[in-house]
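Before anything else, here's the structure in question.
All chains are identified by letter, namely A, B and C, in their written order; residue positions are counted from 1 within each chain.
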Amino acid sequence: MSPSARDARLLRWLAFAAGLASAVLILIVLFLMQESWPVIARYGLVHFVSARGWHPTEGTFNLVPMLAASAATSALAIALATPLGVAAAIFSRFYAAGIVGRLLHWVIVLLAGIPSVVLGLWGLTVIVPLILKVAPPGTSLLAGSLILALMILPTIALTTEAALASLPSAYGIGAAALGLSREAIIINIAIPATKASIFAGVMLASARALGETMAVLMVSGNVVQLPKSLFDPVRTLTANIALEMAYATGDHRASLFVSGLALTAVVLALAAVARRSGGQVVHA
Amino acid sequence: MHSLAVYRSAHRIALRDRTLQLLVLAAVVVITSTFGWLLLDIVWHGANRIGWEFLTAAPRSAGRNGGIAPILLATVLILTVALAVSAPLGLATAILLSEFSRPGGRAGYWIGLSLDILAGVPSIVFGLFGNAFFCVWLGLGFSILSGGLTLACMVLPILIRTAESGLRTVPNDWRLGAAALGISKASALVNVLIPAAAPALVAGLMLGIGRAMAETAALIFTSGYVDRMPASLLDSGRAISVHIYDLTMNVAGGDRSAYASALVLIALLILINGAASWLAERTLKRRITAS
Amino acid sequence: MTITGESEGLVEAVDGKAYTVGPLLSGPPCCRPETQIRVDGLSLGYGGKPALKDVSLDIYRGCITALIGPSGCGKTSLLSCLNRLTDLIPGCRVEGRIMLDGADIHSSGVDVQALRQRVGMIFQKPNPFPLSIRRNLEMPLKEHGITGRSELAARVERSLVDVGLWDEVKDRLDGAALSLSGGQQQRLCMARALVLEPEILLMDEPCSALDPLSSAVVEDLIETLRGRYTVVIVTHNLGQARRIANYAAFFWVNDRAGTLIEFDQCRRLFEQPRHQLTAAYVRGLRG
């Protein structure tokens, strides 16, 4: 076979593979839609936010408590993780010389690598009993948020770190030449200059928090209710899917696919916002 | 008067600086101590159960006693299926993106976009999809095959993106040199470009393995719970992360085994990640010496 | 077009034509002025920006032709057209014709890989593959269908002897090509081009990335290729062009696109340039 014919054949194979790889996304969307269609067609989309509660056996599928739980745990986790993550990045960029900064970096990379199921295990055996001492039952919105915060902290820290590292060092020198203190440089120059990237990191982290299943499932108590306090047990959208898929059939199963579809839409919207503000997925 | 105002504002700035320092330091202490606590807790509770027997015996009384041998085997099998499918597919797509698609071209843009979207899909949604498509629609049931294929879809974007960037770091001189010798792209890839990018490709593969091994949500409804020794790929098999989940949530008194399994899982992940970064660093060094 | 009267060249230059073609007397003894490549009205652009405009010249069989001129005047672009390496550059458009032994190499039916076997290329920066020395030479051969072990070995040895590398590397043919010195790497790249037994060798500043000593070795090597191969060499080193080339083409940038100003026997181009730009350039006043 001549070299050009070989290349033409190679290209056909590669195009086939790439087509298959891109088809995965299309298949996922198609199957989510197909599986959720029966229940959407029967009840309409409004049903999922207006029905009288989540009673699958009676055919009422109100997702609002789960949506609220997901939003609340994620928002709280972001509120906790953002200052910590940004502080960690500032520390390794501006304060820690050499080995200490590298060490913190490795701690954060390792933290990013801890499987969520292990964080859930630790949360359930360590954090939940501590919360239980304050207010029973321990498994709660607060526990879920704490574990989630630990999970998404690396995302925020690493994106901020990358953004700070990409600042031209002339900034620092110029500012130092003006007699500004290190703290003034951080507050007045470094943070404003990296605002967009930090925001993108927070958006990516929110997407991860909303999509996370195991860690929240294991520590949040999984009671379907609108949370009234931090110590109330809640069930997130993801936990609901994981808990009920095992035995769900018919409309019940379809409504779980509806929640999966809703979850995907929200998460992808957040990722799109992150991409717009210049964030990049850090495969750490 | 004037000097007093200057003194006051200088004082305020010093106070602000001091506060910021303290806050940053406090945050770092919180992060590292929490991490240390987490790690020590797992090692402390997990280590005393780990031994040769734990790794080689079957679980007894729902995993409270005995070992994790079938679970390790099922994990390896699921990973093998996932990689056997995703690695060739991923490499081929990466080659198409880095070697054949024009920068800014339309096909490359759409494929890249679909991969970035896929990378953002939550893992539980992969689980839903895997259940609907592989288990039900293709009739594979709760099986190692279903779980592996689901994970293959999940790690595909990571594999493709890392392989693509690995291939892009190969100096263009070699592409031009090969073309000028009338060598087909296929041979240039096989003989020069892929070997040159190999460490980066393997590093990406390791990253994918790490992600797949840590995954739980996508497996519960695809590969299932059964903790028997799997006899074929169509048997249900319990991955190690699912095992940890089940011991924690569904087995009273399963904590000790859960901790031991978590320690095994983390040790494996650290091993894999260490290998990945070592390989990635080596690529970088080789590139420097080559130029 | 190729052979014009002695006086006409000058008139064309004064008329402000894009280029002049000088009278081509017979070349040095080894070199019969027989056209092998005819470039006819060649224009080239990258993404709509012209890089080379309306270039016509002949390249003679067995001779060394030097392309000289300031940076960015399209010399390397012209070189890449001759083996269609321009195909690999996104957004690159080529107009006009390049006839190799009477056949247009840019027509659609041409087997590009076979063309590149006939027209070898040496790059500015030595680019041996990250393989062993032997594999660097065997891989292109196998690609073009030569697989017999004894023939492979014979061809490898012959090409290494040709570039004077055989004695230096014969004991470590399976060693890494990248462990060779820069000059050795460049000679290996020449051997790699020669091993395919091409007719034409394109060289893009082959000595500019080398130290003076290695550069001299490679230059001597190019000299020895005269007669056996047609060599087209881009060089910024005017002394080198003068020492080794039979013919020289001088390019200049007009309206941001490279144009051919003067093409002549090398000696004449340097000693009796007919265009004032050429005269200034070879005297080192401009560019």
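Note that a contact is a pair of C-beta atoms (placed from the backbone, for glycine too) under 8 Å apart; a residue touches a chain by one contact, two chains touch by 3 or more.
It should be emphasised that the depicted structure is a prediction, and the values quoted were computed from it without experimental measurement.
*Asks:* Which chains, if any, touch subunit B and subunit C both?
*Replies:* For subunit B paired with subunit C, the chains in contact with each are A, in label order.
*Asks:* If you tally contacting C-beta pairs, which pair wins, A-C or A-B?
*Replies:* If we tally the C-beta pairs in contact for A-C and A-B, the bigger total goes to A-B.
*Asks:* Provide the C-alpha centroid distance between subunit B and subunit C, rounded to the nearest whole angstrom.
*Replies:* Roughly 50 Å separates the two chain centres.
*Asks:* Can you check how far apart subunit A and subunit C are, centre to centre, with Cα atoms defining each centre and the answer in Å?
*Replies:* It comes to 57 Å between the two C-alpha centres.
*Asks:* Can you give the whole-Å distance between the Cα centres of subunit A and subunit B?
*Replies:* Subunit A and subunit B have C-alpha centres separated by 16 Å.
*Asks:* For subunit C, write out the residues touching at least two other chains, lowest number first.
*Replies:* Subunit C, residues with two or more chain partners: 112-114, 143-144.
*Asks:* For subunit A, what residues touch not just one other chain but two or more?
*Replies:* Residues 3-4 of subunit A each touch two or more of the other chains.
*Asks:* Considering subunit B alone, which of its residues make contact with at least two other chains?
*Replies:* In subunit B, 182-184, 187 touch at least two other chains.
*Asks:* So in the complex, which bits of subunit C are touching subunit B?
*Replies:* 83, 85, 88, 90, 112-117, 120-121, 123, 125, 127-131, 135, 139-140, 143-144, 178, 189, 192-193, 196
*Asks:* For the complex, give me every residue of subunit C touching subunit A.
*Replies:* 111-114, 143-144
*Asks:* Touching subunit C in the complex: which residues of subunit A?
*Replies:* Counting only subunit A, the residues touching subunit C are 2-4.
*Asks:* Which subunit A residues qualify as touching subunit B in the complex?
*Replies:* 3-4, 6-7, 9-11, 13-18, 20-22, 24-28, 31-32, 34-35, 83-84, 87-88, 90-91, 95, 104, 107-108, 110-111, 113-122, 124-126, 150, 153, 181-184, 186-187, 207, 210-214, 217-218, 238, 241-242, 245-246, 256-257, 260, 263-264, 267-268, 271, 275, 281, 283
*Asks:* Which stretch or stretches of subunit B touch subunit C in the complex?
*Replies:* Subunit B residues touching subunit C: 102-103, 171, 173-184, 187, 191-192, 195-196, 289-290.
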